[in-house]
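Labels run A, B, C and D following the written order; every chain starts at residue 1.
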Amino acid sequence: MFDDGISRSLRGLVAAVAVAAATLVPALAQAQGKEQYFGIPSYRVGPFAAGGTGFFGGIIDYLQYVNMKEGGVNGVQMVWAECETEYNAARGVECYQRLLKKGDLQMHIFEPLATPIAYGVLNRVDDDKVVLTQYGYGRSDAADGRVFPWVFSTMTSYWSQASAILNWISTKEGGVDKMKGKKIAHLHLDSAFGREPLPVLRRLAKDWGFELIEIPVAAPGIEQQAQWLRIRQERADWVISWGFGAGMNSTAINSAARINFPREKMVGVWWAGSEEDVLPAGDAAKGYFAAANVPSGKQFPLVQDIEKVVYGAGKGNLSDPKRIGNIYWNRGVTAGIFWVEAVRNGQRIANKRGQMLNGDEMRLGFEALNLTPARLKELGIEGMLPSFKLSCADHEGAGVVKIIQWDGAKWNSVTPDWVSSDRKMIREMVEESAAKYAAEQKITPRKC
Amino acid sequence: MAGFQFFLEVLVTGLLSGVMYALVALGFVLIYKASGVFNFAQGAMVFFAALSFVGFMELGAPFWLALPITVGLMALLGVGIERFVLRPLVNQHEITLLMATIGLTFVIEGLAQLVWGVEVRRLDLGIKDQPLPWLADNTGLFISQIDIFAAVVAGVLVATLALVFSRTKIGRALRAVADDHAAALSIGIPLKRIWALVWAIAGVVALVAGMLWGARSGVQFALVFVALKALPVLIIGGFTSVPGVIVAGLIVGAAEKLAEVYIGPMVGGGIESWFPYVLAILFLLVRPEGLFGEKIIRRV
Amino acid sequence: MFYREAGQFRTSYGQDGQIFPLRQDRWAMLALLAAAVLVVPMVASDYWLRALLIPWLIFSLVALGQNILTGYAGQLSLGSAGFMAVGAFACYNFMLRVDGMPFLVALVLSGLCAAAVGMAFGLPSLRIRGLYLAVATLAAQFFIVWALDKFGWFKNNDPSGVITAQPIVILGMGFNTPQEKYLLVLGIVVVLALLAKNMARGATGRAWMAVRDMDVAAEVMGLPLMRTKLQAFAISSFYCGVGGALFAFAYLGTVEPSAFTIDMSFRILFMIIIGGVGTILGSFLGAGFILLLPIFLSVLFHAVAGKTVDASITSAVELIVFGALIIVFLIVEPHGLARLWQLTKERLRLWPFPH
Amino acid sequence: MTVQLHAHARAFPIGGPIVEVHDISLNFGGVKALTKISFDVREHEVRAIIGPNGAGKSSMLNVINGVYRPQAGSIVLRGERLAAMTPRRAAHMGIARTFQNIALFKGMTVLDNIMAGSNLRMHANFLEVAFRLPRALREARECREAAEEIIEFLEIEHIRKTPVGRLPYGLQKRVELGRALAATPQVLLLDEPMAGMNIEEKQDMCRFILDVNDHYGTTVILIEHDMGVVMDISDRVVVLDYGKKIGDGTPEEVRSNQDVIDAYLGVAH
């Protein structure tokens, strides 16, 4: 990872780092035997640390579980190294580069759970042969695998989510035809993330004839008085709360309470749908809805088994085991499942059973992701993930969400089955946007 | 709803938010007045204070116990900062001091997350964050109880501080220090002790602000950002004036809310992030020394 | 013994005014440059080039800009990241909308855009000074990011609200590999640093410092305060703008406006305070310190405690140590690394015969 | 103390009025600093302004080179009537000055301070400087040469490269004089050039002032407390008291002026 020659030629400048590098070598030495290596760019400090510790904790716990339960994938141990990104692009890129190599091991999957970092490495993954997964964030048009061979917006993109949320609202209202004349406020963080679903919302507003009220909130969003006064003045029927960070989301709920806006008419994006997002609001959050790509809870056999096997052996990653089964951790576990499934597929496809995979094989393995109902049952995660499969062209797969509701103590799924998005419409928009990107970047889409 | 009533509502909400800003800005002023340090760590102190308070309560301490403990802790923190960060830096350039306090921000943030973890917590002061029923029924104005509570607390706090400064011996010493360090020293005022005291007080003010903000939007890292809300208040009010920040807080709060509601939609909204700063600049161009700040006369 | 000026006489004012009056310094500098150009690209790993050296050079450039404004002209500003953003997005749009636009021209133009914006936000400096000005310049930081974020045109209406830098091609030669990008950035930074040095030690620099040290006296000598201050803002912003463009094109590749955070502005100011206010060298040292220290800490902590201690703890401790080190440094050497370097040199001159 | 006074014939005989002050009134928010002050300064002469503390001496200088703007009255500079003077205008019209409490550029070396003094003769813009184009280089060399000449004249070669902040008070005063001279002024305003100096330093300073006056023919307007010095080196003296002019004339005349004696010489100094 650190090159001796360079540390010599630059001793004066950064001898310090070189020293660190030296001390690091023993840590690398233990990388022997058959191991599949993963880099984990976590963020455990800063405004989003609550999510970071949960999500990356989940991934680590699952990898740990696979090792302990079945001795890895066909005997290949899962190993990983962690790096603190502070949810910051520059730090994230440094982590990416640092994690890329671990001794003679190579990183083949990168999941920063941070849009700025994902963008920071977007242009590097092709050369480095790294699969960049954006689990529920990032470019929606990355769903087009022909333009983005190495980038995956698995399993549901922002666009699909927006469409799915509206589908659910329409069913609550009693059908799409009932949506005419309704007022839906899109309360969003005033950033690229907040504006991403606008194309979908605007289009559906036109098609369905409801009125879309776009209300941005300046970061960090702990002041929303003005916005909610507007919502009240406009007499919105529904509010889609497209926020990020516990500060903004709990404030949104509180502010709704301040004007007696019914929480049962609020639907949060999945970054506004974790325990951390509603707890600070207290009782005000009762009845608040949110979209979820993964529901919370310990009812899933896998979750219970991880608690038994991993935490039972005191090898758990969460400092507070009470957080097992909550949204971010569950999401992390499923992300881990994607990785391990990709490894299984890769070994099968490249028929390198029980051997390490290289970047291309990992990519093929991920692209071959196919979670059939049977497979979900095997894994013990029925209802935790939808059944979906990826393909060369389709890097999104599911495009569905579950709607969950906060009862004051925990999240409950109000939709037993997954709410689907308008797959056809979204796909059109994805391909259009991806084509524009390809043209701008002079990329020739690959054939599928 | 009637246009004017809505305007009124926006205005009142804005004024009440302004009180919250002023509460944070107060800590800055106290320290700047006494030691000429622009303490950027105030935001982190707010976060740390609230987090500690909730932390102690989670450890089982009842409210009436957690409060004094946290007060003590904050006082201790303040004294410690004065002793180990600012005393060694005394007589340094103001930029150096500012930078030191930003470094301090990292330390406090790290400390808070190290000790209490990163989980988001809620703080229940027993006051509902819901509109006052009778006000809503009679006037149709929706004003949150906690905002009014916050306004009252802020008022009490300022009043007490004003009293302490004007009536007590310490207060007089404090004002002497604020006016002229050298002179204060010469008449035998223990400068260091005064500074330590001020830092302690600032710590307590941070606690109050932290509890109110925490009760509104949860006790969590985002609290450090309230400092950014306080800065424009500070320039408008003047770094050295307690009444200044109160008035400025009201101005900023009201102006930013009105702007967001009435100007925002025209430019796509979300202008709260910068509007107060632009307001502050315009203000400065008219009154470079701020609302109540001493006029700077520069002799040749 | 070897670092001695004995026997070196300056016979003309021209010689006396050189950047490196001492022969040894000139050689050392040339050697360093030669190594940077010839050796580094050969031996440096991708990690070093892409994650450390390129960002270090870019931030040195930005710190240089901040130093011109704050260190030389004495105007405390917290808008640097905002001006970087202007440069980055300007460069992207020039490349996008003018086909056949040469990269270097786009780079200069984006610098000029930043300079224009910088001057606009520098206007308050004519009435406000010190911390008040610092807080006022935050308006630049927030407003610029907001505007770039808000209006799709700046990002060619990308649905994700990001720009993806076009590939760099100069005279038909593409700069794609880390080595090539590193050399490009190095070249630009060296040239701009040289120009900055010339300004700083010339009449321009004297005017800046005069305004910084005693503006009334400067005015009485006939120095136009307004023009001098705005000039400093413009030049400083130009450097920030070019730095921002390189940040997008040679470093990150895909950027969203919110990547240019207020935190970045603070760190840039840190760079010059730690490195040395009013020194060119300090900008480089400071950028290295602020950029590499956290990385060094995290590498170190993972090496030492990575396997045993919970990562949440190490991350928090990293933060604490980083802040503490900065404070300690400010206490120990308020004049920055450059001053430290200067002192060691003065000792060397006497070595081995201390007086 | 005694200094050889204009023993030889002056290289620059005293000419007509170069600065005329007409009915200048200045007040800071009610407080009257100057009331209806009028006097003139002839070319090449050394003109002193004396008076007790708070007599408005410094204010008078500040009015002359436009730092303060008088409420009433006007200034005539080389026959040109100026209602409002600005510091820059004054500088461009050949007025340079030193300050009562030293206003040097603390962060810069002696050399840089003095070179900065001649900025009005630097015409190269920042780009020329950055790229070291011919004009910039030429001006830099000339500026340096001029500065060295002044440094030699003021006998401060040994501290050429020292940051002025580190210098003793007396030397700082001298450097400040040097910085003013670098502008090659026609009129030189000196605000208490000898305040807080010991005898030798004062003698040196007197010598420099007279030499400047002799060699360059620079008109000097100076404020000074030390009566001895004033009487020795100045051709004519204006006496101010509480913002009013109470005396004007040669040192001898002033010395014998009753008002002056009462108001000024009377009080112990």
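Rule of thumb we're sticking to: a contact is a pair of C-beta atoms (placed from the backbone, for glycine too) under 8 Å apart; a residue touches a chain by one contact, two chains touch by 3 or more.
Everything numeric in this text was worked out from a predicted model, so none of it was measured.
S.K.: Among the chains, which one keeps its Cα centre farthest from the Cα centre of subunit A?
M.R.: D
S.K.: Tell me, please, which two chains come out on top when C-beta pairs in contact are counted per chain pair.
M.R.: Of all chain pairs, the one joined by the most C-beta contacts is A-C.
S.K.: Of the chains shown, whose Cα centre falls closest to the middle of all protein Cα atoms?
M.R.: Ranked by how close its C-alpha centre lies to the overall one, first comes C.
S.K.: So how far apart, in whole Å, are subunit A and subunit B when each is placed at the average of its C-alpha atoms?
M.R.: Whole-Å distance between the two chain centres: 36.
S.K.: If you average the CA atoms of subunit B and of subunit C, how far apart do the two points sit, in angstrom?
M.R.: Comparing mean C-alpha positions, subunit C is 33 Å from subunit B.
S.K.: Between subunit B and subunit D, tell me the centre distance in angstrom, where each centre is the average of that chain's C-alpha atoms.
M.R.: Roughly 50 Å, centre to centre.
S.K.: Averaging only over C-alpha atoms, locate the centres of subunit A and subunit D and give their separation in whole Å.
M.R.: Going by mean C-alpha positions, subunit A sits 73 Å from subunit D.
S.K.: Touching at least two other chains at once: which residues of subunit C meet that condition?
M.R.: Residues 146, 150, 216, 312, 316, 318-319 of subunit C each touch two or more of the other chains.
S.K.: Two or more other chains touching the same residue: where does that happen in subunit B?
M.R.: 109-110, 113, 117-118, 268, 270-271, 273, 300
S.K.: Two or more other chains in contact with one residue: find those residues in subunit A.
M.R.: Residues 44-45, 49, 53, 190, 218-219, 319 of subunit A each touch two or more of the other chains.
S.K.: Under the stated contact criterion, what part of subunit B meets subunit C in this complex?
M.R.: Checking each residue of subunit B against subunit C gives 38, 85, 88-89, 92-96, 98-100, 102-111, 113-114, 117-118, 228, 231-232, 234-235, 239, 267-268, 270-271, 273-274, 277-278, 280-281, 284-285, 288, 290, 298, 300.
S.K.: Provide the residue numbers of subunit C that touch subunit D in the complex, in ascending order.
M.R.: Within the complex, subunit C contacts subunit D at residues 13-14, 17, 195-196, 198-199, 202-204, 206-207, 209-210, 212-214, 216-224, 231, 235, 278.
S.K.: What residues on subunit C touch subunit B, complex-wise?
M.R.: Its residues touching subunit B are 70, 76, 124, 127-132, 134-136, 138-139, 142-143, 146, 150-151, 216, 262, 266, 269-270, 273, 277, 312-313, 316-320, 322-324, 326-327, 330-331, 334.
S.K.: In the complex of these two chains, what residues of subunit C are touching subunit A?
M.R.: 35, 39-40, 42-48, 50-52, 55, 96, 146, 149-150, 156, 158-162, 164-167, 251-259, 261, 263, 288, 292-296, 298-300, 302-304, 306-307, 310-312, 314-316, 318-319
S.K.: Flag every residue of subunit A that touches subunit C in the complex, lowest number first.
M.R.: Interface residues on the subunit A side: 1-3, 5-6, 8-10, 13-14, 16-17, 19-21, 23-24, 26-27, 42-45, 49, 53, 81-84, 86, 88-91, 93-94, 96-98, 100-101, 115-116, 119-120, 122-124, 138-141, 190-192, 195-196, 199, 218-219, 317, 319, 433, 437, 440-442.
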